[in-house]
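I've put the structures underneath this note.
Each of the next two complexes has subunit A plus one more chain, namely subunit B in the first and subunit C in the second.
Up next is the complex of A and B:
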């Protein structure tokens, strides 16, 4: 049993090259400073992965961590955060999945698993309380993630929530640069090619049986009170009430109204003529399918569900109900507008196991390039038109196995479009770092484009403001306000990193920070307030930035590709250009976060304020370190 | 003898889309439209204030209680352009304007 409340107090290490496993302590001092999840991962990444260790080098670390709330009776507390040096940007990755991983690993006695080295042959990691084994995975090769989970359930004689299986599909095995890690049927850590990193280590899956160890908390009654308060707020707040009832299904209709639904690779923001729009509202997307709840650990949200495909060639297939970004990446970005087809495709992406957002931009780009003649039928091997779901699935299988042109496309949209070149390159959506936005049209959400381009974890860092008045910001932050948007993104920076360190779902942490802190205080016994929580989050964000700078990813790459930063030609933001305001927004953002505008480095003062003095010398030299 | 001229009523349409309909008694789907009579000099703020006073949940969702400015929960478009592009809350409304209210997005 751990010395400190809410933590297991141990980090499980697996050296795949040597075939050894052991546990390192997660000390109470480090728990308070780094919290867990993203914070713990950032610390390990900075300390153990030098710049010469590339994403596919055995020396890279794949950190799968949870945090202090995991396994407790607060909604959505099965959280897993994956941190590594990623395949798309070559920089830090911070990506999350939910389900039961976080709860199960803590009940086995660990706060995190760190995979290092490279196995000689394919293995899966089997964790059963104190027993950790590397088992032969040859029989699982070629299986998709759902088949892998089913095979392991059968092999181990366990099902349901008795075990978590987080695995890669064919895409990860073949080092597709946007391969993901999927678990518990539909939960995906998707960003920056973390699945390719797992594949490079020749690990097919991590399998955790629900452990038998207890988790002690400091104040049990207060913890239940905090859990009740969070649940009550989520059910009654005007924004989160929709999330509580329908998850993110309402996004399609709302985002279309705002000009933020990405249709056909950013070529339009207007529904196609004749679309039955009611089918794309939250209640219709839920009620239009036979469905069943598929909640994560201790969660009471009506968010995650399984569906049965209701019509078409895949009628009767069981799939995971897409999140908004699934409807977008598997559907709207590629011109597909029939919900049952998009839902099916979304699960094929989870099973082959790639990031649905990068997929949407890549597939949409190929479709546009074929339409415009930049990629011929003979180049690709077949004709792929807007909205062709069966063709999209054919493309997915080619990419997952690196067959034909799929080998080039497996490099991701930035590298593929640069290779094809010419006018085709101008149509591709990505950041200059090499990652890509989530499934929105960020030309209508300036905070997300700024956040994605300056982000340090292979995706956006901060996300749209939650409860901004708590931070002295106005309740209303106009999505195209060039002064307020960067101020808000900079001011809120750290909140999401803190949430990503807790072992909880970010949809259940959408409450005031004071409420969130009460739950952590009850769990850990710490007297923690918003300021400390935000400092911990900003520390994590700063570690990721420092890591990226050390890898050569600097401010010169903090901008969108030509198409990503283009001006909408129709819809509610027609003619409004973010790039006219870009430099001004960066100026404000840099000043707000305390980083140096010219070099991108966190200033020595910022580092000192975040208790990261040890970074001053590597970033600024000995003289600066001596001055502080 | 004075001529009696019937003054024509001037109105704007307030439309609540999809999820936003729950704030005016809907089920979160399709849309609800209201015709709101306007007075000379009325601004978008004035019209929305008057309208939301008749719907307690909308009033709660639309305005920030601390500042009495717009809250974070609802996005607004005026004549198919997002508020802030061609109009602000202080812009005067004209007969036939269409104000659309929609739920903020939650990401994911």
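Up next is the complex of A and C:
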């Protein structure tokens, strides 16, 4: 067992080129400074991936990390954070999934796994306590993620949560730029092509047996008290109660009301006439299916479920209940309006294994281009109409195998639309860095558009403010308030990065920071308070930003594509333009976060305050470093 | 007597019971040492915990050649570490597979109902494990049979 509470104290290293594995210490000093997960990943990425190492270069690192809360009895603590140089932006990636990865790898004695190099043939990484092997994965090639997990369960004779399998599907094997990593039937680290990075290393899967080691904590009774307090808050706080009962299912109806449900590639914000809207309420989406709880480590939320398709050609198929993002990306963005069809499609995306958000923007774009004649039937090979789920799945299979036009579309919507050019190029939704926005219409959620465009991890960085009054912000912030929105995004910056460092789920950390810190104190024995936690989070955010600047990704790219930043033509926000306020919002955001507006660099003062003095010279030069 | 009544339909497979139980056994969260264990059924859609039913027959107790298993105040069959010689006969005799052997300590170990305040009951977020007076001891059988072969209900499709 490790010397420090709550941590395993080791980082598992795998050099695929050399076929070597070893463990490095995760020292108590680094634990406190970088926490784990995203923080640990950011440190390794900054230190080990120089700008000449591209996303598909063997020298790139694929960091799969967890944190101090993983494997403990706090709700939702099976967390996986994937950090790498990603295929869409060519910059940093910070993308998270849950399930049992974090618990199982820590019980094997590791806080993180770092893959480097490139294997000669396809392998899977098999972790069984101290035994780590690279095993031939040729027989798994072409299998989707669920088939891969089932095959490995049979091969290793283990079932249920005795085995965690986080794998890529055909999309990752074929280096689709928005390929994802999926694990434990329905948990996806999806952003910035992390699955393509795994594929470029010729790793089909990371396979973790539930380890035999133990995790000790500093104060067991205080840990349960903190876990109970978090659970109580999630069950009773008006801002989380809906999540507790129905996960993110309530999002569809609520976001439609705000004008933030992205329908048909941002061409409308109004539900079609005759839609049975009742079917799209949270309780209906849950009760409309035969459903069963499929919770992550130690979780009591009524969130993740498995369900059975209730009607249509796929009746009886077992799928993972979609998150809001699935209803949106596999559904509304492509004009699909029948829940059972969308639910089925959502799991096909997890199985072929691509990011559901990028999928929505890409498939919706293809559909719009066909409707308007920018992409012909012969270009694509078939006719793809709005809402055609079987056609969408056909497109998905083409893309994940890079067949026909699928080869171009596998590059993601930014590159594909730029290549097709003309009017088609104006219809695509992305940031100029290449990030995939989350599955909302951000023209009605200015905080998320600003956040996604300024973010450093492959999608939004900070997310809508959680418990904002704790930070001196108003309880409710108007989604189109050009002064408060950037102030809130800037002020909250770091909270999400801290959460992403804990090995927990962002839906179970939606409590006041003081409460969250109490759980970390009980686990680790640290006297950690909100300021320290926020500094750690901001340090992580700043490392990602510095990494991106070093890769040549600067402030000139911090804006939406033409369609992403366009003005809604109907719905509650008809005629309201975010771009009129864009420069002003950037000014306020830069001022709030302490970065230089002209160069995008964190100022020397900001770096010093975050205990990142070593970044001053690489970002500002020797003279500036000498002045500090 | 009060026993662990398991309601498998409520279990979501979060494994919190295993964490709490293992802490009682070892002072760390170490599910490999838990004496309540969660199994999965039917394509990861169904889970159930399973532990010693404290059977009337007391197979482990009868088989022990050194009388190291006794009945504690809560009515649970309990291994007395100081008497256990680690011969594993109890693990062979138990028809339920719910008494285990710890090679590190060279001792058998099993559910002792935490002396009358079972930790697994306290921590289950779904009340899938209750501590109640009951005559029944087989809580999982019918559920396991249904969720493995799926004769009824909608969840009969093979996961492809």
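To be clear about the criterion, the second predicted complex is superposed on the first by the 628 of 628 C-alpha atoms of A that agree within 3 Å, B and C clash if a C-alpha of one lies under 4 Å from a C-alpha of the other, contacts with A are read in each partner's own complex, and residues count from 1 in each chain.
Definition applied: a residue touches a chain if its C-beta (ideal position, glycine included) is under 8 Å from a C-beta of that chain, and two chains touch if they have at least 3 such contacts.
On a predicted model such as this, the values are computed, not experimentally measured, just so you know.
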| item | value |
| --- | --- |
| Touching partner for A:282 - first (subunit B), second (subunit C), both, neither | first |
| Subunit B versus subunit C as contact partner of A:72, first or second or both or neither | second |
| Touching partner for A:107 - first (subunit B), second (subunit C), both, neither | second |
| First, second, both or neither for A:323, with subunit B first and subunit C second | first |
| Which of subunit B and subunit C A:295 touches, first, second, both or neither | second |
| Partner chain(s) touched by A:525 [first = subunit B, second = subunit C, both, neither] | neither |
| Subunit A contact footprint on subunit B (complex, rising order) | 17-19, 22-23, 27-30, 57, 60-61, 64, 66-67, 69-75, 77, 80-85, 100, 102-108 |
| For the subunit A and subunit C complex, residues of the former touching the latter | 1, 71-73, 75, 100, 103, 107, 146-147, 150, 159-161, 185, 210-217, 220, 224, 231, 290, 292-300, 306, 308, 310, 316-318 |
| In the complex with subunit B, residue positions of subunit A that touch it | 238-243, 245-248, 250-251, 253-255, 257-260, 278, 281-284, 323-325, 438, 440, 444, 463-465, 467-469, 474-481, 507, 510, 572-574, 576 |
| Sites on subunit C touched by subunit A in the complex | 11-16, 19-20, 22-23, 26-33, 38-40, 43-47, 123, 125-126, 153-157, 159-160 |
